[in-house]
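Input: structures, listed below.
Heads up, the next two complexes both have chain A, just with different partners, chain B and then chain C.
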Partner chain A sequence: MMSARNFPKRMLLPSVLLAALIIIPFSAPLITAEDPIKIAVRYRLAAPDLQHWLGRDEFGRDRLARVLHGGQVSLTVAFVATTIAFIIGTFFGLIGAYFRGPSEFITSRLSDIVLCFPPILLALLVVTLFGPGAGTLVAVLSVLYFPTFARITFSEALRVTSLDFVEASRALGTPSRRIVLGTILPNIAGPLSVQYSLTAAAAITIESGLSFLGLGVVPPAPSWGQMIRGARQFMNQDPLGIMIPCAALVLTIYAINFFCDRLRDTLDPKGASGSGMDEVSKPLALADAPAIRDPNVVAVINKLRLETTRFGTPAAVIEDVSLTLRANECTALVGESGSGKSLSSLALMGLLPGAIRQASGTLQLRRKTGEVVDLGFLDARTLENIRGNDIAMIFQEPMTSLNPIHKISDQMIEAIQAHRPMSKSDARAHAIQLLKRVGMNDAERRIDSYPDQMSGGMRQRVMIGMALTCEPRLLIADEPTTALDVTIQAEIIELLQTLRQDQGNGLSLLFITHNLGVVADIADRVAVMYSGQIVEEGPANQILRDPHHPYTRALIESMPSSHEGLHSTDGDRLPAISGTPPLPSARPSGCAFRDRCPIAMPTCAEIRPVLYPSADGERAVRCLRAPEAPAGLMKNHQTEAA
Partner chain B sequence: MTAAPLLDVQNLEKSYSIGRTGLFSKRSLKVLHDVSFSVAPGEVLGLVGESGSGKSTIGRAILRLIDSQSDVMRFGGQDLNSISTVQMRSLRKEMQIIFQDPYASLNPRKTIRAVLSEALDAHGLHKGAARGPRLIELVTLVGLDPSFLDRRPHEFSGGQRQRIGIARALAVEPSFIVCDEAVSALDVSIQAQILNLLADLRAKTGVSLLFISHDLSVVRYISDRVMVLYLGRVMEVGPADQVHFSPKHPYTAALVSAEPSLHRESRRIRLTGEIPSPLALPSGCIFRSRCPYAQPACAETVPPLQTAGDQHQSACLRTDIL
Partner chain C sequence: MLAFISRRMAAAAAMLLVIGTIIFSLLIIVPGDPAELLLSTGGGSASAEAIANLRANMGLDQPVLTQYVTFLYNTARLDFGTSIVDNGSISSVIALRLPRTLEIIVAGTIFALLLAIPAGTAAGLRAGGKFDIATSAINALLTSVPGFVLGTLFIYFFAQILGWLPAGGYVAFATNPAQHLQMLVLPSLTVGLHLATIVFRMTRASVLEMRGHDWVRTAVAKGLRRKRVVRRHILYNALGPIITVVGLQLGILLGSTVLVEFIYNWPGLSGLLVSAVEQRDYPTVRAVILTVSTIFIGINLVIDILSSLLDPRIRLQ
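For the complex of A and B:
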């Protein structure tokens, strides 16, 4: 897992602290020569002096010696008991989760029985039966704590066992023992290590508690609980006496927790999460873009640039993205994962992730009132008002956007009432009307079902219905059919088409997808994105029939459905694009696509192409070799170079 | 197919128990009904169907990753129904699986070297000095750089992870691989790369594939034969191009027509109603509740698979329509 040569820095401090707290008590004879049980009544409660740094207790015993020797007992009892509980509990948990059946029954029932007893009562019972002492304490604490380990191991292991890589190991014929210990156990180490720290800390406290009650370590042997018990009677005269063992307890427990927290972060292969990503996007200075004049235009994105500092220096995740969204029109935004298509739409919603900042450009929206606003510098409240009222959004997986524990009716009524003041019964009637509009038969009855009682297609219809609550002018659909079966996908696309063509509505649809076939079905215009830029834009039928950008062409060519004549067994291969899209921090110079482009020229590395419009202004393409590119560009450049 | 099949499955069934109705009676949900098929050495059999059709269940049942019942299940001459655990473990060398989700199918804690070594260790292959060269050979085979061996999965893109998953399956030189939606989670350009890789591997090593996918065009391109499933029953099976371009079953026809396409003018066959719950399947033909051609007779008999052409079978009473 973690080899010595890459011992992470963040483990250094907690490791040193914990090691110190363990080593110091056990090196007591090196620190003080005093005997922790030697009584000298003459010096009872003596103040600290040079020989006895922490003074003496109620029997005149040296406190430093007692707190150190007591620490040995407390730590040994706690760690031995926790380790035993950890081993037994993890064993039962793993066996139960991996083999299920009878072993699952034994694990869970055994844990249930032990968990039924109040811990301190169980401890008292055992101590009364077997008499006090460190050995009994270890036994009690292990019995007390193993069910917690069994429970946590069981549920975590169950989760991991259902993952594909465990199934892959089984398919490979790896022996069960190796799967359980080599694959499952390391993947549940995080929660287990946290539980270990919590339990060790709790064990120290319970040990102290029992010793305090006189049921733990037998006097005169020192332990922290014993020390507190003794010092309690003299608390008013001598507060130092009670503070010393308490401080030792607090420090130890803190060190253990600190260590285990860091350990969990280190064991996570992806590293610590959520560090340094909290930068919030700020509104920009007023932009100089012209206001939208055409009343048919609902929204305009102009030269949008979004940056992230995730890669050290600011890198553009979105660069020079411009789009015009019109009423009664569907614009498809197409691209592969990481191309920036979803970010562009989140920018419109004012929902950019914290690590991403709008660096320049404008996002204008014509509200239903006719007022034109720039979404880039609105306050949070106005933005909230715009979302739902003027812009609505639907997502890929409707199940994650619907709350599984509330009925559809409750969720819809709440959404309606949030935007429009109306009575509950009116809101319900409105909800039913919306569901009918999105093609749900028997809406009066089905509105009272729960999300999991519906099929994926029906849930997506509900989401669309909810999005239409306030008659928004712009509907953003982010891969709304990707999780659905093809027959259901066709129905949802048909529904969106009908809603859009609904004359009174004037809805503008921004449809985000990776599927060019869906684009052909639904879109009027299409914008193809690659590595944060729009590389080609124009009427969907023109672009799909006659793509001018080599990337668009390659995308279409790499779809098996574009080649009805090709078959793998005849030795035919699909024309695939080699390589992978570059990260925003590692884009090549010049054209971002050139290192994967089949027709790239040396010039492509030198000129960063912009979108070159066609003669009729209908379409545009970002390629030096496209027919739209200024004729002289490449030639002039070559002459210059020569 | 004249050669003896590599895999032969007759009347495969699978039920899940879903709680009790009485003290002794259990309610069960049947997800596979009477599924029979065979795969010849070097053949690619495509399995298509919508979610809930049982296509993934078939893949896992063959690999004995889940329990199932069948009259016959033979692989390479061995009876999988009576095989011992020990024999099954050594047989796993011959049968492998590639998963859909490249993010869940690799253990995040293991380096690529450890992932591939696990496969070799499980069968005691390429021990000692032979290990290093074999690992390099494997990653090169799937088009990755040998320097990737000591990295962990989170450093790779989806397409690269999928290649690693393929390398893991190939490590033990299997004769049969279940590809469970192996390209569905990938971007189009990467999907084409992986499909080409699978086609090359098949041509090079002669491995048989059970290619499970919901994407009909992908299945048509990669498969020799295609089997169409609906709610755990076989609707149609036949040569890939025939099933795709001249389907004999109305369900296949509807599926093909619903697929979004760039060039074909869509003449979509509309299906009525929703997919019925597996707990309340229609009598007779299970597709009849959504079928545009259903007749009263369809409610009475479960249509058997009937010959509809060369190696082509369809489970539809209405042979007059398509």
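For the complex of A and C:
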């Protein structure tokens, strides 16, 4: 049960509004003493006065009393019918879900059939047989809506019964009745209460509609639908006559819908942020990027800082990240999930999620034309020309990265035609060439398959083929093998290696992974990321052989390596890194890794380390205790503190 | 593909049979004598002779199984029998009035799709933005206005106050095309706006969902123009769910058409239906409901086939 304390704030207004609209009609005797059915023809269509606040209708009856009493009738019919439908439907649904078998068939098929009758027509059919009246209405509405409840209960209960704790209590021999009432019902109360409100609103609409046709509530008993019907002929002289019942009806339905929407949001909060196509925020600060002189350099990330506003105040998710990507070189970006390695690459593509913005730093790219551009400040059109042409990207999930309803051929052809003016048949021939290049047998035939007809490895080959469309200078591969089987992983890595060697114009590959074993195979340089920062960077062979940062060391030690004979020497134990990386909003002072660091010192909490370059400038590390760190740093600080 | 279509058609035919059976058995399970029931008005009952006549006329004196088979046979031949009020052929009345109802529905649906799909797409693409907040608020309000209330208010504003359009009535297109179209505007607007609220909601939700999928990111990464990404990789994917929901909501749409036709004095199926219900002309009511249900099932069959054309996963399974 919901206590007053955790009653959600967003539910307060709709709940109060709904309660008021339900209570007011039923407090009619407190509001007016007038009789809703007493006719006084002398005063027909009289204007409002002190006794009759809303005036009188076409028979001289008090309109306020009629609206209030009419509300009682509409609400009673709707809520009684909905409650009956709810009880019967839930009962059938629970039985169907718990015992399955034939009862399952009845509950799921019944609603299909009832859905085929437009509700108001089914109501009319029954009215023909039984005559109009409130009782008929209740019966019809209950029959109309109980299958919907049965269906929802059935599918929701099916979901819940397969949950572990229900299976467990069934195995423990808890009686069915207790499992159903005590465990399943409370767990499906959310969707049912939403459906209850929806049904009540629909029932009011149908009741008033039938009464409007003169086939619902029998006169002289008041009802909103009837009041609109009666006032229709006089709308010219007396517009108030239609406005009042219309307003009452709309307001009531609106209150129920409003309540229902908020209830749904509260029960099932879904963020509105997607990864695919958000509006990209423009960078905050303009910074003059240093010119790239070396023609071998394809892209430079300089002191990049990305911020998110998701936690209220802006918090850095990426901080002080600098990377230089060169032609004919593979740079591996390594780290745990959440370390910011994917975000860094998405920033290069201009594909950052909407909640994250570039706060400072620069992203530069040398285009195929030789022109150097700052990616943060390009207009949308230029960025579209660069994506897929100068930079291409392969994503982690081949199963979801291709559009399931378009053929492979269409998806490849549109990528080609986006950058090269080419006829469709030429583009298709080119696409087949690309598929052959990535090792797809029978490419002529398979190009016309849909993604769902292909395995994960095949789809990743398609993705790679698509990325090669325009011979990009920079190829970003974001964990391209993580979602694949081990044997397929090796094939894809091998393919990437071959492609690097084949491509004439000096491909620069940015390879993002959490798997250091792969790094040893493919990378020339490695950058290790932790909690939004690069903590160690340098030539791959040096770093893997002799890591200087305790985090890199821990990563290498936790790798189940079969490469270097480390395997099984100390009982297959993985020295896992204890703890978890800090959230962007809760990074500790000083070094971000110190909470998990086996060699942390008190000083590590006070000084925020930067990347300290080695003497030869080949590598750098962000650790106060590393050999690269200035020798005096720790001592000086200690004396200062003392 | 062919197998898929024939499977769906068989399912639709089975559904029709079930509906026919339900409508038929309603008269059988009604307590008391149906003929007597249908002829009773208020408290008084009809003469024995009239009851016997009706029984013979509707075949109620036959054994139930014979009645059932005759009913199905005649229905399949589109012969709905005669009205118990004026003994006229029900089939020919329906043939006369059905096109007028379909005209409103088609015009209303076109209006709804043209209005709601662009608006829903724009709102979904920039969910949380100003346009989204404004349109979603208007939509929530419109959702709460029943069709007959909207129709009544339209008559008041557009016909009585502004005098732009006729308050109702019908002139055949052949007699006076301009006047016919003028009279069509308000009814189809009323039906269409109601449908538009549903389509808007569905489009917005569907676009919002599709927008977050990985393949959209791939499409952007390929360097496609924004317009093309929206059209081919968001909207095209969203279309299947949208039309499926629209199809299911058509039942409610057909129902609200009954009220809308009544309000505007549009002589379609619903005028026939309402007077038949008032006069307890069961054969006519039965025929109208069978017709409408058949249309509903037919439309959903077409939509099933359409969405399988849109999404290969449906026909591959």
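Definition applied: the second predicted complex is superposed on the first by the 534 of 642 C-alpha atoms of A that agree within 3 Å, B and C clash if a C-alpha of one lies under 4 Å from a C-alpha of the other, contacts with A are read in each partner's own complex, and residues count from 1 in each chain.
Everything below uses one rule, namely that a contact is a pair of C-beta atoms (placed from the backbone, for glycine too) under 8 Å apart; a residue touches a chain by one contact, two chains touch by 3 or more.
Here the structure is a predicted model, which is why all the values come from computation and not from measurement.
Contacts of A:401 after superposition on the shared chain: chain C is touched, whereas chain B is not.
Of the two partner chains placed around the shared chain by superposition, chain C is the only one that A:453 touches, whereas chain B remains out of contact.
By the document's definition of touching, of the two partners only chain C reaches A:127; chain B does not.
Applying the stated contact rule after C-alpha superposition, one finds that A:296 touches neither chain B nor chain C.
When the shared chain is aligned, no partner comes close enough to touch A:155: not chain B, not chain C. Contacts of A:228 after superposition on the shared chain: chain C is touched, whereas chain B is not. Contact with chain C, but none with chain B, is seen for A:257 once the two complexes are overlaid on the shared chain. Looking at the complex, you find that chain C touches chain A at residues 15, 18-19, 22-23, 26-27, 30, 34, 37-38, 125-128, 140-141, 143-149, 152-153, 155-156, 160, 208, 210-226, 228-230, 232-234, 236-237, 240, 248, 251-256, 258-259, 262, 273-274, 276-278, 280-282, 285-286, 288-289, 292-293, 296-297, 310-313, 316. The residues of chain B lying in touch with chain A in their complex are 44, 50-51, 60, 63, 65, 88-93, 95-97, 99-101, 104-109, 118-119, 121-123, 152, 154, 157-160, 165, 168, 172, 187-193, 195-196, 198-200, 202-203, 214-218, 220-222, 224, 240-241, 245, 254-255, 258-263, 266, 268, 271, 274-275. On chain A, the positions that touch chain B within their shared complex are 1, 163-165, 167-175, 178, 182-183, 186-187, 269-270, 336-337, 455-458, 485-490, 493, 514-518, 520-521, 544, 554-556, 558-564, 566-569, 571, 573-578, 580.
Residue ranges of chain A in contact with chain C, taken from their complex: 112-113, 115-122, 124-131, 201, 205, 208-209, 212-215, 225, 228, 232, 235-236, 239, 242, 246, 249-250, 253-254, 257-258, 261, 272-277, 279, 349, 351, 380, 384-389, 392-393, 395, 397, 400-406, 414-415, 418-419, 450, 452-453, 463, 466, 469.
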